[in-house]
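See the structures that follow.
In what follows, subunit A forms one complex with subunit B and a second complex with subunit C.
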Partner chain A sequence: MAKTTKAPGAGSAALPVGLLLAVLVPLLLMPLAAVFVFAFRGGFKDFLSALTAEDAQFALRFSLLIAFLTAAVNAVLGTFAAYVLAKYRFPGKKPLTIAVNLPVAIPTVVVGTSLLLLWGPIGLLGKALAPLGFSPMFAPAGVLLAHLFVTFPYMLGAVKPLLDELEVTYEEAAYTLGAGKWQTFRYVILPALRGGLFSGTLLTFAHSLGEFGATVMVSGNLRLRTQTAPLFIFAQFEAGNVEKANAVAAVLAALSFAIFFFLLRWSGPTGGRGQGH
Partner chain B sequence: MSIVLDRLSKRFGSQTVVSRVSLEIEDGELFVLLGASGSGKSTVLRLIAGLSVPDSGTIQLRGRDVTDLAPQEREIGFVFQNYSIFRHMSVAENIEFPLKIRKVPAAERTRRREELLDLVGLGGLGGRYAHQLSGGQQQRVALARSLAHKPSVLLLDEPFGALDVKIRGQLRRNLREIQQKLKVTAILVTHDQEEGFELADRVGLMDRGALLEVGRPESLYARPRTLFGATFLGAGTVLVGRVRGNEARLGDLALPIPPEVEHEEGSRVRVLFRPEQVELCSAQPEGAIRLLGKGEIVEQSFLGALRRLRVRLPPIPGTRQAAPAPYGEEGLLVDVVQPAEEPLPGPEVWVSLRGWHILAPPRPRLLICALPAPATYPSVLPHLVEAVDAVPVLLAVDEDGDEKGTEELRTTVLERAAAGGSGALDGAEVLVRRGDPAAEIGSEQAQSLYDFVVLSGATGPVVDGLLDRLSTALLVLRGDRPALQRILICTAVGEPGKADVRVGGWLARRLDAEVTLLHVNVRIGGLGGPPEPWVQSHLDRGVATLRALEVKSRSTIRRARTPAEGILAEAAEGQYDLIVMGRHAPRRGPLFGGKAADITLRILAGTETSMLIVPADE
Partner chain C sequence: MGRLGSSSATRSGWPRSLLALLVWGALLLYAVWPWLPGRGRRTRPRTIIVYGFSILGDALDHSVLPAFARHWRAETGERVEFVTSFAGSGTVTNQLIMGVPAHLALLSLELDAQRLATAGVIPPGSWKSLPFGGVVNRTPFILLVRPGNPKGIHDFADLGRPGVQVVHPDPLTSGGANWALLAEYGGAARHAAPGREREAGTAVLRGVWKHVVAQAASARAARTQFENGFGDALVTYEQDAVHGNEDEAKKKKSAPKWEIVYPPSTVLSEHTLVILDKNATPEERPAVHALAAFLWSDEAQKLFVANGFRSVREELNGANPAFGHIVDPFLVADFGGWTRVKKDVVDGIWKGEILPGLGK
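On to the complex of A and B.
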């Protein structure tokens, strides 16, 4: 038993804040800084030339494209899944809810392996679809598939709580006012989900941008074909091109900061309600 | 006629939440559905709006059958208890929403929106959002929005439920004004009796899914038909006495029964008096004919303009209390209000009545069991239920089923009940039990006190098991006659009471049937049995009783070796649809000849005709 307990806020904040910083500086802040420090070690010119190299350019563009596609597809799919899971009652609803949230719990490398085993040349679907000219593994389509899988729960997690909270009377009110099912969804439900849609899409985008484990398995890490930015960083680092790796890493880090900033703004205590009129 | 509901029923799972509700609402009327929570009133509103689909029955709005239409096609306005203002839209956008959906031009929308904002007293607040409005303001936005597309019918679900008492009064008056100005037909659902009385042109009182009473607030308050109506709509005392002649007797007090209230000699009668109809005096009032008795004041509370008192009277023989709840009380409790400035009388007071109201007799309750479950119901049953205006309860006893079978059985029973076609059994309560049918019927009867137990199908062993514990009339329906037109009542001289004639006659009047009164004179070699003149005068009195009930009847005397023989012979000759018999205390010991000598069982075994077995008077 402590002899004295201090009321929160009483006394000096120096000690706890100092302690926290002592832990956080080497743990979080120094590595973040290191990315930029190493990227610019050879000067801005070297940084730019590293960034404009053909393979670095491809990796960044490919990563952004995949992230856009993943965010777009999962925005629709995740919202649909959230709507079905929130609004309908059907047998097997509980296991399904668990199943769609599972991708966050499985190690991404395992996801990559299982995708390979399913879609690969010897996989069940891979074998069936190969004669039709569709073999996604070691191809851009495979990267997209992996990213869709890994990021699926983020959209769901952002939208479903809002749908659960939205009382059914809002829909019913729209019906009694003459709005059809689609109009009700478009004008009443969707706007009420705006905050969740936005943050869910950004989260999906950010996770897709940084995805490594599943991508490395399904892409084959083919330069100028399936190499995403994180794979490029890893490959260059292994080859000893630290500056080249760090230049792309700095861009990725900057992008992530930007996304994170938006997320904080949007879901902060003052934002998110969408009073932008 | 703006709204016509015809025998609307709705079940959730196995629970009936709306039971055969029929209602007609005039153009421009404000109708209030009043009931406790869970009474089904909100479900009725949702059925009218199309937010819920009825299991049976029809809904007409402005002469158009909308039963199968989606809510969008019904042209209604609905105000939800939580208002459901769209939060991402401004007040103006909310109000314009139904117009936008209908593609009304922008200029027209703006005009209509401003008009509505003025109407509900929110002019200038169009730019606000829901979270910037008070509860009362949100409610008015919801009202304005529901009226924007000029619906023919306005439905309001507890619109004042979430507001504090002071704002409610103001908003009620506003709503009434707006409704009268627009002459829109409206149904408002509330559990608040005061709110209902203040707003309504007419009130409909709901209890457990049924619409019990409909009427103007004043007449419902002064002259309710049911006990629920009497106690739900304001305070009051209900005492149960007996009918003697054309009077209700509460001890020494005799109150005339008005001709429009149905009553039968000797039956129970319920008398309501409101607190303001009771007068208290410190001394015995002289020449007071409506004197109830002398009691003491046990409670009193000051309500501002009025003072509420509760007086306890000593028990009155032959009189029982129905309300206020007589729990743990031997005497009778009478609620009184008087102007607060009137001096409080001493602890001992004389209680007399300035006014009173006789309640209609309760609807008979029928426990219906088709055996073995699930069996089809005889075609005469719906007709019977309708003729006696009964509350039917369907009991199905599963003799060896599991949990799953029980649910299936319930569904099957509901389907078979609905198959009758007339709808009399639609929405009936369904009970499913497991075990021995006779035991289950007996325990259900003991718990809920039905007026009739109706059996059909393979009734043999069940009747046998039920007869000994029977405390209520047992109707055994056999064969498949479409109607019960010819009734044979078997009576005997010196029976303890005339229950068979009374109950048989009661049924005959409602079925519009003809009655034959039979007496069997047992004579063996010219000996035994009462002399003929006695028998004749007994039968004449029976015929007179039936005549008083407005039942056509004749009497006949038969001679036979045993009563059973005589009855069976008459039944065989007379083409009767129903045989009515009294039932006496069981005399089935070996000393009396065992089962074989039981006359009821012998008649049951000897004919295929339906039978009504009436227990002897208590």
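On to the complex of A and C.
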């Protein structure tokens, strides 16, 4: 902040900053504040008892677990996809690049519907697999599948630009020094990707934690079985239990805020406007 | 994102990354805690999965299902647990068709049971062999208005007056909304001159729908919207209103945010139970069928009455003093059953004549 106000003089910054705040306060900050105000309206004890209810605890734990799994799987899959797309030339590379980025552009509800139509009991694959006892829809596996789909491009988007800019000379140097493919990847490429890996994983985690559209379609919304925290919030709000909904909403908002804080702290100096060093 | 995302993280040094690691580790531990091995996980008790339409949530989760669990334990010594899910009746029906693993479902509309039969989820007409033709309980359709009834609303026809704003559940996803359509149409049609029934019913429906300002996916969600200050009137189940008032009184909050108005003539909705045998293993079926039978027992019917539903057994309904008097109650059977009403009123008049006129 201090840096940006230096150039045109403090007087001229007051107006634009004031205007920005006038827009942002009702648009972003007040709705968030409302969640916290409502969550604590009945006092801290009510907030705590709403939060420690069995179904609320399950929803939070289940959401975190799915987020950890999604982040872990997509960290590996996304990095691999980025590596292949950045380092190899092959026919159909362009369409493939577009395809792997597609989940960003598709509404999440559509993702949920298409997963149901593929894996569901009446779906294309689901019909064939159901007799084998494999039916992921309306089960935790289905939620994971949906989250992997929806968050796939985040890792890719964080890592691929770094790989694209990583000069081939480093790799070549490693090879000439007698390093194998794996050693080169492990000791040359991976360290250069650290920042991207980190922010990509966090973004994936945060997005998975808040995913609603696809989850509501594939989870069956079963309490204590497949109900994630966002679904819990929605169900409780619909049922008129605003305090219960808000207790979990407040925790979810605080968690997301903490993750974002991490994200800025870690990728800040190098990411975005990072001419830092 | 990081254009030159080189290894700034190495700058951070040990303490900070250690702290981050600890925080994330703690979060992970919290998440997996209930699933950790060696935590002496008790053997999972028998589980029955019940789906229901929106307003059933409290009655089932907090009174009827726990009562059955006690009953079952006393009889067999076995613990039984429930997994429940509640949404608009149409939404539940779609989920059942898509294959959610429910054992029992309580729908607000016999039409939804018919849809399930058509989709092959349950045998056609299977619910009719249950007691009372599968109807577990009833509740009349009423109006909720703001305290003091400032707009002077006494019947469905009054909703068509200028300046009245109506909150209504969406007939596409809510069974209750379909009952509401029948209540609005039927109340007028029953008291019209012979031969003018259709005209009178259509006029009231048109008046109501001209003034609908919010459509929620379920009756329960519509009440939440009304509670949050939308509209002058809400068309909904008596149960939701009676039970909602008790809720508020229990929480010792400010006076109820509404008043119940009983229209002179309205429909009693009937809620149909379906058993999804295909989702239950042979070992699970006895408990599932016992629960189904339990729903018509004295105990369960009395619990439904205590929760604001009207029992299928008239003699039990005196127990709830909150029930109001309806001059001329009627049933869907009086209009030829749901298949007919769906074709003539919901699709024919509401969808065919009224909705297309609203956009203009």
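Heads up, the rule we're going with is that the second predicted complex is superposed on the first by the 257 of 277 C-alpha atoms of A that agree within 3 Å, B and C clash if a C-alpha of one lies under 4 Å from a C-alpha of the other, contacts with A are read in each partner's own complex, and residues count from 1 in each chain.
Just so we're on the same page, a residue touches a chain if its C-beta (ideal position, glycine included) is under 8 Å from a C-beta of that chain, and two chains touch if they have at least 3 such contacts.
Keep in mind the model is a prediction, meaning the values are calculated, not measured.
Per the definitions stated earlier, placing subunit B and subunit C onto a shared subunit A by superposition produces no clash, and the two fit side by side.
By the touch criterion stated above, A:L116 is placed in contact with subunit C alone, subunit B being left untouched.
Residue contacts after overlaying the shared chain place A:G157 against subunit C, while subunit B stays out of touching range. Looking at the shared chain after the overlay, A:L263 reaches neither subunit B nor subunit C.
By the document's definition of touching, neither partner reaches A:A253: not subunit B, not subunit C.
Of the two partner chains placed around the shared chain by superposition, subunit C is the only one that A:G220 touches, whereas subunit B remains out of contact. Between subunit B and subunit C, it is C that contacts the larger number of residues in subunit A. Looking at the shared chain after the overlay, A:P191 reaches both subunit B and subunit C. In the superposition on chain A, A:E167 contacts subunit B only, with no contact to subunit C.
With the two structures overlaid on their shared chain A, subunit B and subunit C come no closer than 5 Å at the level of C-alpha atoms. In the superposition on chain A, subunit A positions 191-192, 194, 274, 277 are in contact with subunit B in one complex as well as with subunit C in the other.
Residues of subunit C touching subunit A in their complex: 1-12, 20, 27-28, 30-35, 49, 54, 57, 83-87, 95, 97-101, 217-218, 220-221, 223-224, 227, 244, 247. By the touch rule above, subunit A contacts subunit B in their complex via residues 167, 169-170, 172-180, 183, 187-188, 191-192, 194, 273-275, 277. Within the complex formed with subunit C, the residues of subunit A that make contact are 58, 61, 64-65, 68, 116, 120-122, 126, 135, 137-138, 157-158, 161-162, 165, 191-196, 198-199, 220-225, 235, 237-240, 262, 266-267, 269-272, 274, 276-277. The part of subunit B that touches subunit A in the complex is made up of residues 49-51, 70-72, 74, 76-78, 80, 82, 84, 86-90, 97-98, 101-102, 129, 131, 145-146, 148-149, 155.
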